[in-house]
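Mind having a look at this structure? Questions to follow.
Chain naming follows the written order as A, B, C and D, and within any one chain the residues start at number 1.
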Amino acid sequence: MSQNAYLPKLGRIAAIKEEVAGARAIKTFRIEFVNGDGFEHDCGQCAMISVFGKGESMISIASAPHVKDYKQFSIMRTGRVTTALHDLNVGDVVGVRGPYGNKFPVKDWKGKNLIFIGGGCGLAPIWPVVQTAVNERRQFGNITVFYGGRSSRDIMYRNELEKLKGDVDVHLSIDAQEEGWDGYCGFVPANVMTKAPKADNAIAITCGPPIMIKYVIQNLKELGFEDDMIYTTIENKMKCGIGKCGRCNVGKDYVCVNGPVYSWAALKDLPQEY
Amino acid sequence: MIDVAALKAHAKSLLEKGSVRAVIGYRKSTAGLLAEPATIADADATDDLIFDPTCVQNLALYLVNDKKERVHSRSDDKRPIAVVAKGCDSRAITVLLQEKHFPRESVHVIGVSCEGTGVVDARKLAKKLDGKKALSVNFDGSEAFSITTEDGAQSIPAAEVMAERCLECRSAHPTLSDMTFGEAKSERALHAPFQAVKHKMKDEQDNRWAFWARQFDRCLRCYACRSVCPMCYCEECVVDSINFAVLPDTTADEKADRIKWIERSPARSETAMYHMVRAIHLAGRCVDCAECERVCPVNIPLRLLNTRLEMEAFETFEYNPGSDMNAPTLTSSFRDTDPNSFIR
Amino acid sequence: MANAVETAKDETGFEPKIVAFLCKWCSSAGSDLAGVSRLQYPSNAVPITIMCSGSMSPMFVLSAFNKGADGVLVSGCHPGDCHYLKGNFFARRKIYLVQKLLQFVGLENDRFRMSWVSAAEGVKFAGVVDEFVKDIKKLGPQTRLKAKR
Amino acid sequence: MTKTVAMEKMLNKADLAAWMGKLDSHRLFSPALEDEDVWNYMPVEEAAKVLLNHPNTVRPPKGFVFPQREVLYEYSQVPGEAPVLNETLPDPAPAVVFGVRPCDSRGLVRQDIVFTKEYEDPYYQGRRAKVIYVGQACNQPPSPNCFCMSVGGSPCAEDGLDVLMTELDGKYHVKALTPRGSELLAKGGELFKDAQAADKAAVEKAHASAKAHPQRPIKDLGKVAGALKANFDSPAWDEMAKACIGCGICTFLCPTCHCFDISDEVKCSSPCKGERVRTWDSCQFPDFTMHTSGHNPRETLGSRLRQRVCHKFLYFVENHDTQQCTGCGRCVSLCPVGIDIVSVVERLGQP
């Protein structure tokens, strides 16, 4: 790559949608590149978003690769950069560089049943796969989405999930009973167990808090999923995005280059330093 | 002369009886002449313990590290940990106790006398031996070191190769201990206390700035001085202003609003601030173990900087860090007679 | 603080930037009195109100110099008059140490100053600032601890 | 490094200064005392005073191409408007660094792998192209903790160098290893005489005797990676790291360590003006890997020691088929508490 990989392209915030409010607020930013700059990406890849004067953060791209006009990022307000991002308005310009990392091997999954299992803001990294699968609906078998939040107010992509129904089996859950909630109450791994998706010709894609992932994988294995049928993403602190700064190094891998997408077969051989 | 065999036997019996969790002491290193700190939990391994003039490190640091590790591992072993402590180490432990860093009963202090001679300065020794590699250094009476090289043993006057701090040491004997080995020689005073600082103070102010500016410019910001200091126990240091102790209930705002006092760049202004903040934070707490200066890979005279305020504490406020664990600290106390004339 | 320090520079000559940390109960009120009494004194001091001189962190002093202050003033209540009874006694000790350190490192003596100014001493406050500005003008801009920006 | 450019010459020791004098289109650096006992690469002020029999420098020469602080770009942004970015690629004047020890030049080769494989780092490349390395074979080990030969190097290794000089009686044997090196020798003109068979024999003898100096051994280098992998969960890591104080000496002063941080240095908050800079960072610092959530994948000293050793002797080997340690011995000599990578590898890197 002859270009300066550290220099971000400029993107204008075209729309901001508040997904979740409160202390762990999540907003979805639609960013359009300025000056005809930009890049294409694959499902699962990330981009480094800059707020000048604050710093950079690695964020997974939540829009599907076939959406060319903009990139979408769903970001939880958690630190210096993300707080600054949440304070921005439509029209403000940020830096975006990328795309970084590997991808979900979606092409290899054609004809298979896809089972998505997300928790909290962990829906965002796998959302491009959901979108791609729905966009090319006839190429895939059954599509099932399990998704849960702490409460009904913590469910992101609410409208989008509603729209999926019909094409896709959607099973929402919240941790504790609430009035007016007609979905499942309890943790996501338990919800998966009650619906017991079949492992035949299936791929499971999961992302969420580490503890959720741990139990989801345990349960999937009980349901007969092999290690190479389970995919997840991991994260580490990152600075450069191109495998040089050494920060996201886990074993011989750099998460920003060799990750963030891992099959459980590959991930279980990696040291647990993520 | 200190009886190392008795020291080993004491450590062994403590571990055999199970009255301590571990013994923090010194053992021979593979990396060079200086001893290495060792945390020994196995009674049989106490035979590795040594005590000679190569035992330079301040082991009070490992009490601080031990506490951090216990919090992290959620250990519920309530037994004390034993630590071998020279005069300066014991003063550091006293300051930690004074600041209630840990309770007195959580530490068993094995005091060791560094006799009349203190510890060795590896750089001075290397010069003295003119290229020959020292294999071992031992106490040799109260005024000399016995040094072994390939050519055999020789006796060298301790004052010639002794660490600077030891030459100015005001209380060489442990001030606090549960058990002491070696002869009680508290007065050494080979040099007048604060001699180096006073000498530097005589310099013109502009020259002093030129001197310090050059030193700050050379700093690598490896933070070894901070890491080795038993008094630098803050969970969160001003230099790590972005990354600080985050608890599950730390909010995004708290993380975002963190003040970045110092940039990471090794620029003179930032490095000056780093070293000066450390000097201020050490005022009335620095026990002059001079570990900061010893570990500095580029030889920045940090002891000179940090003892400046110790001199003030001692001479202006009659305050001697590490002498009394029950006294109020320097900056949490005052007297009506404190200097006032500098105020307008 | 970075912006507070960026006060206008006189085209005709050097106008020192002074950061004045004033205790809320005495010195800050004293500076207000100087203002409402329409006393003539230089406008070089940027006041920052702190709760008590005893709450003054040495970090603030070093940070002000780092960000380009030509002088730093700390001012509190007279001994015995502290709103919190003894905060200024702690301050006296701490500031004394900070001053000694700054001098040892080689910052010019006249760049860091402490004063006792009561709420009634508008005239004294004006005098302290006036004198401070004059002394710093003799020294010129502070370059030693200032970050290159 | 091919035979076609290898050129062997002899230079009288007294003529070193004259040669340096002919290189005045370059900035010249050589090892000199930065402070008492602290050797560093310093600009050559008086060529006649340059002696190339120095002990190993405290700082490796990596800063010439990977400085501790590098401004990546400057930015300025008025709120609500698009920022203006100003790329600050380095364009240094050409430099020649004398007295580079072979371990350090082998470190450079490892940095080249990191910074030029897959993505070329333009900042590194910009500087790398402008620095010529003149090596100095170690007739005597420059540090008591040298172990270059245990990690595949040698006191007269040539990788990464443009020129290798070997001190012989009253003379330097000077071997050009790259076209850049040949040009440098060509500038010396008449000062250089062709090396004769006797000179070549003498230099071979000097190299053989240098290699014969006893060094700290690592047995079975080929098996170290596998053993480290097998011992990944050993409690010995924590035990050996007990004394570690978590400073950055071992990594900052390592000729191969390349980890860095990127941060914003704000000069003015409104309008927002500042620089995005990268600075050296260390895997030994506790906050190196800490997530924003506070979760830290390598929270303990043991896990960080393991990262340092495994990165050098396992991960780098898996990725690039060579160790990321060149045996300069700095981390051993300068560790405040005697943590010794050779001993660690001896203990956990042996089957």
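By our rule, a contact is a pair of C-beta atoms (placed from the backbone, for glycine too) under 8 Å apart; a residue touches a chain by one contact, two chains touch by 3 or more.
Quick caveat, the model's predicted, so the values are computed rather than measured.
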More contacts between chains, A-B or B-D: B-D
Greatest separation from chain D - chain, by CA centre: C
Where chain B and chain D are represented by their mean Cα positions, the distance between them in whole Å: 31
Centroid spacing, where centroids are CA-atom means, of chain A and chain C in whole angstrom: 52
Where chain A and chain B are represented by their mean Cα positions, the distance between them in whole Å: 49
Centroid spacing, where centroids are CA-atom means, of chain A and chain D in whole angstrom: 39
Residues of chain D whose C-beta touches two or more other chains: 261, 263, 266, 269, 290, 292-293
In chain B, residues with contacts to at least two other chains: 242, 255, 263, 267
Junction residues of chain C - those touching two or more other chains: none
Chain B - residues contacting chain D, complex: 29-32, 34-39, 57, 61-62, 65, 69, 72, 123, 133, 218, 220-224, 226-228, 240, 242-243, 245-248, 250, 255, 263-267, 291, 294-295, 297-299
Of all residues in chain A, those that touch chain D in their complex: 1-2, 4-8, 10, 12, 34, 50, 52-56, 78-79, 82, 89, 91-93, 95, 235-237, 239-240, 242-247, 249-252, 257, 271-274
Sites on chain A touched by chain B in the complex: 23, 55, 77-80, 82-84
Residues on chain B engaged by chain A in the complex (per definition of touch): 242, 251-253, 255-256, 258
Contacting residues of chain D [partner chain B, same complex]: 34-38, 40, 58-59, 68-69, 144-145, 242-243, 245-249, 252-253, 261, 263, 265, 277, 279, 282, 285, 287, 290, 292-294, 299-301, 332-340, 342-343
